[in-house]
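Two complexes follow with subunit A in common, the first pairing it with subunit B and the second with subunit C.
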Partner chain A sequence: MARRPVNPPATGWSLTIPPKIWDRLSDHVLGSAARGAVLLAGLADGPRGPRLLARELILADEGRDYIPGEFGHRALAPTFVRDAVIRARDEGLAYIAAHAHLGLDHVGFSEIDLASHERGYPSLSQISGQVVGALVITDHAAAGDLWLPDGRREELAETIIPTGNLLRLRSQPAEEGRPDSLHDRQARLLGDLGQETLRRLRVAVVGLGGVGSILVEELARLGVGELVLIDDETVEETNLPRLVASGREDIGRLKTEVAARNARRANPDVRLIEIARRVERPESLEELVRCDWIFLAADGDAARHWVNGTVQQYLVPATQVGVKVPLTPQGDVGQIHTATRLVLPGSGCLWCSRLIDPTRLAVDMHPAGERDAAQYVPGVPAPSVITLNTLAAGEAVNHFVFAVVGLHDEENDHASVIHRPRTRQRDLQEPRQDPTCRWCTSTGRLGLGRKGSTPF
Partner chain B sequence: METPIDTTAKTDAHQHVSVTVKVNNQDVTLPDREVTGLEIKQAAISQGLPIDVGFQLSVKRSHGRYEVVDDDELIRVHTHQEFLAVPPDDNS
Partner chain C sequence: MTSPTPAIAEAVEAVRAQFAGHPVEVVPDGSGGVYVVVEQVEIGAAYVPSMTWLGFQISAAYPDADIYPHYVGPLTRTDGGAHGQAIQSVTWQDKPALQISRRSNRRDPNIDSAALKAERIRKWLADQ
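== the complex of A and B ==
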């Protein structure tokens, strides 16, 4: 199959579709028997405009729900439209009718399509009180026509599918990007449009210690345009061997300040948001939900829980990066492993993978003094070595770069990577999903956006 | 209370009383308690709703479900009764 065009992030309304929902939608409407469907979607503010977040797919059954059209070739039957728009109204979600056209990199609505929208969507908008509209897709392109409750009409700037390669579908491919002499060598691999993609992205790093400081260094040098830096801790002497670009004069300074200074040194044009708070604080979450990607490099179950919630409720992909060095009280070293876990909306989550412990989460949510008291046993610092952190961070950023510029061979490979450096093994681990998960399924918070509560 | 669809013809003794119902969440005043599906849509159009007579009309029943009302179907309406009028969504 031809490689999809690389489209840098566009400004305006976007629609994000979780990979599993996209697979079902494209199978249904792009298959040999072209059919129709409706997406129900939450709403959120995004880094470049309002975001529609596909939460559920309603497939139109051929013959009953998708019938010969009165004006067009085929039509969603009025009873199907009615029932779907009632659900949109009752659940406070956008109604997006979807169908496919032939073609590859270009797609648009026909006059018949647009006439149908003009005939019907003002009434559907009155019924639901929510955004209503239509999506037309090919394998490589998507166009959308949105009717807002206040009477305005907007085109969809892009449709995003955060799968193995993060797809950004437009009605036509983006024009060639501007050559960037600073990044000439890496743009020879990533392409000018790939480099432009990085420049327009807003990426969060949660936890700015040993792993997080490497992530910031690499993301800034790659040319990521905006970084959201979240950590409430200050630098200690024992951090220095692992904290990139830190010095003794930094002891006692906020890790966000040190990371920001380093990011600016790496890329003077980078835009920085420094949040010296824990991730569950409202000011942290407000920034987190408006990112394109999140790197989770913080210890603790609270950080995992809040980032996991953001991924699922706001459809923001994330990579969790960690290093585990097991050590017995006698000093014996166990199987060291590093993990880079891809956390994608609707494809299994950290709760489903048993990576959040409810008891430890409860303890982690208490104020610092109470957290320490609840541990009972005095804490012993875990071993930490910069080379192990580098292994995990490099894997995570490589995956991210390849994903956003479309360089992964396998689009549907969502596996995590586990390195075991003592035995020199590198294994892939598939995500796991509980069918009734309250976070990553349509029966839970998936795609609810601002309609769901925040904090979660 | 369920409102039965009355398919009998209007009688001379019938009293004409206007009734205000909801069509697509908007108030629509009907000229009579007994109207056809087509008359409901025509009244809604004349009162500015963005629909046309080709739309499919449904009435909300007491159990919360909607039933289609045909153009020639006579229905006895009551104040605040809720209707939806939607078109098919034509694709090229």
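== the complex of A and C ==
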């Protein structure tokens, strides 16, 4: 298959489709017969414009729901449209009808398509009181025609599928990117458009300790345009051996401040948002939900829960990075492992993988003063070594870069990577999903966006 | 200040219903959750006093998060014995308290509500 074009993030309305929903949609509408479907979508504010968040897919059955149209072409049956638009109204979701065209890198609506939108959408919009619209796709391109409740009409700037290679589909491929002499050597691999992609991204790093400080350094040097730095702690002496580019004079300073200084040194053009708060604070969540990617490098069940919630409810992909050094009280070292876990919307989440414990989460949500006493196992500092952190951080950032510029070999590779340095093994781990999960399924909060409120 | 989510508001209503007739105090925890204190809870003849307050936090992560731990006012055993392992003296919300640490294993967010757990804790304490 021809490689998809690399499209840097575009400004304007976007539609994000979780990978599993995209697979079902494209199987259905890109097959041999002309078939249609409807996406129901939540709404959120994004870093470059309003975002539609596909939450549920309603397939139109060939013959019954998708029939020869009155004006030529085939069309969704009136009863199918009515049922879907009433659900959109009742659930406060956008209604987006999808079909496919032949073609590869370019796609657009036909005259017949546009005429049918003009006939039908004003009344659908009135019935639902929500955004209604249409999406037309090929395997490599997508275009959208949106009708807003206030009567305005907008084009979709891009359709995003956060799969193994994060796809950004437009109606036509982006123009060649501008050369960047500073990043010349890496742009030889990533391409000028790949480099431009990094420059337009807004990426969060949650937890700025041993792993997070490496992530920030690498993301800034790569040329990521905007970083959201979240951590409420200050630097202690015992952090120094693992905090990249830190010195004794940093003891007592906020970790956000130190990370921001290092990021600026790495890339003077980087835009920085420093939030010296815990991640579950509303101020942190407000920034987190407007990112393109989240790196979760904080220990603790609260950070895992809230980042997981952001991934699922706001369809923002994340990478969880962790290092585990099992140590008995007698000092016996078990199987050390580093984990780089991809957390994708709708594809199995940290709850499904049992990586969050409800009781530890309850304790973690206590105010600092009560947390220690509430702990059911007294906390002892876990071992931490910079080389192990480097292993996990490097894997995580590399995966991210390859994903956003489309360099992964396998589109549907969603596996996490587990390194076991003592035995020098490296394993891939597929995510699992509980079909009734409250977070990563269409019966849960998947794609609810703003409607599910923040905090969620 | 964030207002409590519908899940928390619902949980508080269920606590009020569970302990109907008891004063229930609810204060925001500042992070989208609440502190709940149920007054005049009966814990039986094994303790002095035999009636106390029962307090807990319903955090913003509810119902995914467990309700843990629970707190009651300072108590002594009528038989003069020591408290069991899951009970310890702490300060909670600026007042002296006993902390009761009972986690819910294999917790199901659809079943293990704040109200049911509060009643289970009251009963567990009374049975000690």
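Following the convention adopted for this analysis, the second predicted complex is superposed on the first by the 453 of 456 C-alpha atoms of A that agree within 3 Å, B and C clash if a C-alpha of one lies under 4 Å from a C-alpha of the other, contacts with A are read in each partner's own complex, and residues count from 1 in each chain.
The working rule: a contact is a pair of C-beta atoms (placed from the backbone, for glycine too) under 8 Å apart; a residue touches a chain by one contact, two chains touch by 3 or more.
Treat the numbers as computed from the prediction; the structure is a model and nothing was measured.
Are subunit B and subunit C a fit on subunit A, or do they clash, once the structures share the same frame?
Pair status: fit.
Taking the superposition as given, does A:116 touch the first partner, subunit B, the second, subunit C, both, or neither?
first
Tell me the contact category for A:208 with respect to subunit B and subunit C: first, second, both or neither.
So A:208 meets neither subunit B nor subunit C here.
I want to verify the contact counts: of subunit B and subunit C, which reaches more residues of subunit A?
Counting contacted residues of subunit A, the larger count belongs to B.
Is A:302 touching the first partner subunit B, the second partner subunit C, both, or neither of them?
second
Please work out whether A:344 is in contact with subunit B alone, subunit C alone, both, or neither, and reply first, second, both or neither.
Neither partner.
On the A-aligned overlay, A:39 touches which partner chain: subunit B = first, subunit C = second, or both, or neither?
So A:39 meets neither subunit B nor subunit C here.
Kindly classify A:367 by the partners it touches after superposition: subunit B alone (first), subunit C alone (second), both, or neither?
second
Please give the nearest C-alpha separation between subunit B and subunit C in the three-chain superposition, to the whole Å.
26
What part of subunit A is shared between its subunit B contacts and its subunit C contacts?
Shared contact residues on subunit A: none.
Which positions of subunit A touch subunit B when the two form their complex?
It is residues 36, 67, 69-79, 81-83, 85-86, 97, 99, 101, 109-113, 115-116, 119-120, 122-124, 126-127, 129, 134 of subunit A that touch subunit B.
Using the touch definition from the top, list the residues of subunit A that touch subunit C in their complex.
280-282, 302, 305-306, 351, 356, 358-359, 361-363, 365-367, 370, 373-374, 376, 438, 453, 455-456
Using the touch definition from the top, list the residues of subunit B that touch subunit A in their complex.
Interface residues on subunit B, with respect to subunit A: 24-26, 49-52, 54-56, 58, 66, 68, 84-92.
With touch defined as at the start, can you tell me which subunit C residues reach subunit A in the complex?
2, 5, 29-33, 57, 59-61, 64-69, 88, 90, 92, 99, 101, 103-104, 107, 109
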